[in-house]
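Below you'll find a set of structures to go through.
Both complexes below contain subunit A, partnered by subunit B and then by subunit C.
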Partner chain A sequence: MRIERIGREPEFSQYMDLKEGWLDRRIFSDAEIYEEELYRIFARSWLFVAHESQLPKAGDFLTTHMGEDAVIVARQPDGSIKVFLNSCPHRGNKVCFADAGNTRRFVCNYHGWAFDTGGELKGMHEEYCYDEIDIDRKKNGLKQVARVAGYKGLVFATFAEDGPSLDAWLGDFRWYLDMLLDNEEGGTELIGGCIKSVINANWKFGVENFIGDAYHAGWTHDSGCRSMNNGEPFPPVDMENSYHASVNGHGWEFGTEGVGDLFLLGRPKVMEYYERIRPKMAQRLGEMRSQIFGSVASASIFPNVSFLPGISTFRQWQPKGPMEFELKTWVIVNKAMPDDIKDEITKGVMQTFGPGGTFEMDDGENWSNCTTVNRGVVTRHERLHYRCGISRQIEHDTLPGIVYRGQYNDANQRGFYQRWLDMMEADKLDAMPERPEPRLTGVSETRDVPGLFAL
Partner chain B sequence: MLEMNPAPVLVEDMIALTQRLYHEARLLDAERFEDWLELLCDDVTYRMDLKRRRFRADRSPPAAVGAGVVFNENFARLKLRIDRLRSGYVWAEDPPNFVRRVISNVEIEPADAENEVIVHSVIVIHRNRIDGLARQFTAGRTDRWRHGTQGWCLAARDIALDHAVLPDSNINVFF
Partner chain C sequence: MTKNTTFKRPQTGQSASLELTHALTQTVYREARMLDDENYVGWVKMLADDLLYHMPGIETRYRRDKTDQVNDLTRMAYYNDNLEEIKKRLSRLETGTAWSEDPATRYTHIITNVEVEMTEKEGEYQVFSNFYAYRNRNEREEDSLIGNRVDIWREAGAAFQLVKRRIILKHNVLLSKNLNIFL
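Here is the complex of A and B:
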């Protein structure tokens, strides 16, 4: 797919200096910058579109967005997954208004053009009005995305024909992702459906909050923590044994104490469950990863997916203009878990990080006000401070990525905006720098790297 | 469907329950949460299920395990929410938001238990938030109210929220 805007105006470096640690506020509210993001980032990145578990059978589908482009994700009779635009080639109407379900056909409401679950045009209302010369059905299906690929249950799609494979896109971040996706035999599934809510904020505020902002938790969520924890506030973090790790704009901030997020979920049975499988997890993923899992942690996959490993909320920030996004949240669990544990986790997630949850309720207001206050013509030119922990980078034998010591840090946020800048400025995706040089190139399974490798 | 022979409900009960719903709404609008708790039975259940937009003809089964709920609360959980609101650390509610509930379409029918009734109603919640942002939620409610020594107490509330996408960043309100 040719993205004709690329190459027009590569002056985005004026909006930040990440070595100094500042950002220009206009990237959070400017309409033109937002429009460029849709072309340069959302139309070229690998974007999360579904979890395999949402589409178990042929004919199962769901509707979602890639950037602001509406798409249908559908399971094919041969077991593969196709992703195509949710827009009729005739007049452009949406062909599917359901969130999800099972079907044989998508039929456009306007003139009855009917497409199979692979997106191919199968028939039209009053077909006799078309002469043979008028239409080639093969060429008038629903527009397919350029590439679809999966990683351990997560399904991604991209409109970019060139650029890295999904494995290369995730790169060394797979070492971290596997703590969420592969901490137990059988993998994961999303359960309990999807909650959608609208927040009047720039999409990047959601992503950067999860990619590294452990710092906000103790203050923003003070009320939530005290109500869950007999009036006690968050304990101070261990700045020596907690980290930020950034890989090409993806990021994971974490402690190594193993229980913080599990505790916040507020479900003792779930805590017990993980303690029971932790020795196996250590065999599976190595000692280090078994200690990270369950700690106070949060993570984002570039550009717009986030999750809390241990708390099990999984979410996507869908851009809807510079000052609005739609938040979609799911619950992610291990398939191998017994039903009562899955049920406990679902309840725990809704009570903490659902839209009615004791933690979630505090966030939206902040992001919204961070965004809308930049309408001020003077305010929008003021720099924002992103310098926390700027000198704390370390080399770590075990942990891949650009690693900083101390969980209270802006390092992953800086890594995210660096990738944002790389993509906004790159004419060709293949020319984008690797940050950092990958360690796991050629490694198809991070379990084969048992937590330790020589530098 | 119109019930042709609805079981009779006493006029006094009708009035008492309608007044309870209005009173409850006023207590919540005024953030008198502890007073509101006193209107709830100890075994109260308070639920809001998640809804999905599906085709009418779609007969595939909904998710069996972990069916999504926004609220699935008991008395202790509701009290925890109130404790949080009272903690003095809820920055998003300070200064306080303006919240006003409108209750309508009240309909009462007998329940299985002799001292209980089913009460249907519609609630519209207006919220005026920080910086003057106004939002509105609409929901149907199906309640079970129980008559005891304290008068009518809420034993169960099922809330059907009429929004495919929540029109706000949170639903930090009682319905």
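Here is the complex of A and C:
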């Protein structure tokens, strides 16, 4: 599908200088820039649409959004997953109003046009009113996205026919993702249900917070940390042995102490569980990744998915206008975990990173105030400071990506906005630069790559 | 003839006596006043040691869908807390660094439609109610949370303690940035 954009093409590079380390505030509230984001980023990126565990059986479906476009994600009889617009080709009405469920048909309420779980038109009310020449059923199904692909349980879709494969899109970030998705035999699943909330803030504030902003945690979340851990403050940050890693706009910031995020969850049983499986994790992912997992860490997948490995909140920031997003949150656990550990994690996540969570409450307040204040007609022309750690880039033998030393850093945020700029300016996705050049080219499995990253 | 029936214990599911109904209605009003006043020390004293405080997240699903979104405690929930977990949440306010609570949010809980019924257990009563919780904050931030509650309250000396509360908020998408409130 070609995404046509009518109108002038602004110069997006005027909104930032990442070598100098500043951003223009207008990208957080300007309506025209937001519209361009929907076209250039959300209509062309690989977007997270589901976890496979949400659709175990044929006919299982869920509804979500790709940018602001409503879509249905449905498990097919052959086990594959299809993603198509939740909009009838007749007059455009929604054909599914449920968040999730199981069905044989999606039927439009307006004129009874009925589609199977693959989106194909199967019938309509008073069908005799159409002559044969009027309609070709094959061409009047629900509009399919261009491509659907998965990575270790996560299902992604894109409206872009051209551009990189999902493996290339994630690139070397898969090395990091495996710490979340593949740290134990059997992979992961999402706990049932999804908590959604509205925050009056620009979507990028959520993403950039999780992609690299370890810096805010000790200050913003002092109260949250102390409440979950008998008055104990945040664990100290080791600037020598903690890192930022950025790959194609995705980012993971992390320590290597192995326990920080597990501590913040405030659930000793969960900490014990991970300590028990850590030797196996080391066999599976190597010593280094087994030490990174569980550390104070946070991560985002470009453009709008974030998670905390170790705390197990998994979330998506859905854009709803320049100054509003809908936050969808899930809990991600290992399938192999016993039920009591899954329950402990679920309760722990909702007490820390649910809307009533001791951490989450202080975040939304910050992001909405950043967004509304930045809109002031004078204020919006003032630059924002993104320079922290700008000279701390290193080459690391083991860690792939653009790596910076020191967890308190704006490096991953700069990497995210660099990718934002790359996409906003690129006419063709194939022409977008890889940042950095991948180490894992051609390797679809990032685990069990013999010798590649052995310590 | 003596009118013994007046004093006979109503059966499970039947309305409690006028006196009990009055006492429990006053109890849930008093609880609401404590929450409005952020008197959490007083509120916690109204909670039983074996408390279950549950507010499930409710997805929009078709009528034919039989997924139990209310009683299944393993699903995503805004609250699924015992007493210790409630106390943990509250301890955040005592740290002095809960930045988003200062200046304070202004709360009003309106509790209506109170019904009190007998349960199988002596001294435990089922209390149905509706709530309208209004929040206002800083300059012009405001929101409203509306829903139903089903409680179990237990006699504890001269007062009652909350043993179990199930809160059904009528939102699908929580139309608020957070839930710095108990309902």
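Here, the second predicted complex is superposed on the first by the 444 of 455 C-alpha atoms of A that agree within 3 Å, B and C clash if a C-alpha of one lies under 4 Å from a C-alpha of the other, contacts with A are read in each partner's own complex, and residues count from 1 in each chain.
Rule of thumb we're sticking to: a residue touches a chain if its C-beta (ideal position, glycine included) is under 8 Å from a C-beta of that chain, and two chains touch if they have at least 3 such contacts.
Predicted, not measured: the structure shown is a model, and the values here were computed from it.
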item	value
Clash-or-fit label for the pair subunit B, subunit C on subunit A	clash
Which of subunit B and subunit C A:372 touches, first, second, both or neither	first
Partner chain(s) touched by A:333 [first = subunit B, second = subunit C, both, neither]	first
Which of subunit B and subunit C A:402 touches, first, second, both or neither	neither
First (subunit B), second (subunit C), both or neither touched by A:247	neither
First, second, both or neither for A:197, with subunit B first and subunit C second	both
Subunit B and subunit C contact sites that coincide on subunit A, given as residue numbers	97-103, 191-200, 220, 222-224, 226-228, 231, 326, 331, 339, 342-343, 346-347, 350-351, 354-356, 358, 360-362, 364-366, 368
Touching residues on subunit A, where the partner in the complex is subunit C	97-103, 191-200, 220, 222-224, 226-228, 231, 266, 326, 329-331, 339, 342-343, 346-347, 350-351, 354-356, 358, 360-362, 364-366, 368
Complex interface listing, subunit C residues touching subunit A	56-57, 59-62, 65, 67, 69, 72-81, 85, 88-93, 95-100, 172-181
Subunit B contact footprint on subunit A (complex, rising order)	57, 60, 97-103, 191-201, 220, 222-224, 226-228, 231, 326-327, 331, 333, 339, 342-343, 345-347, 350-351, 354-356, 358, 360-369, 372
Subunit A-touching residues of subunit B, taken from the complex the two chains share	48, 50, 52-55, 58, 60, 63, 65-72, 77, 80-81, 83-85, 87-92, 129-131, 133, 164-172
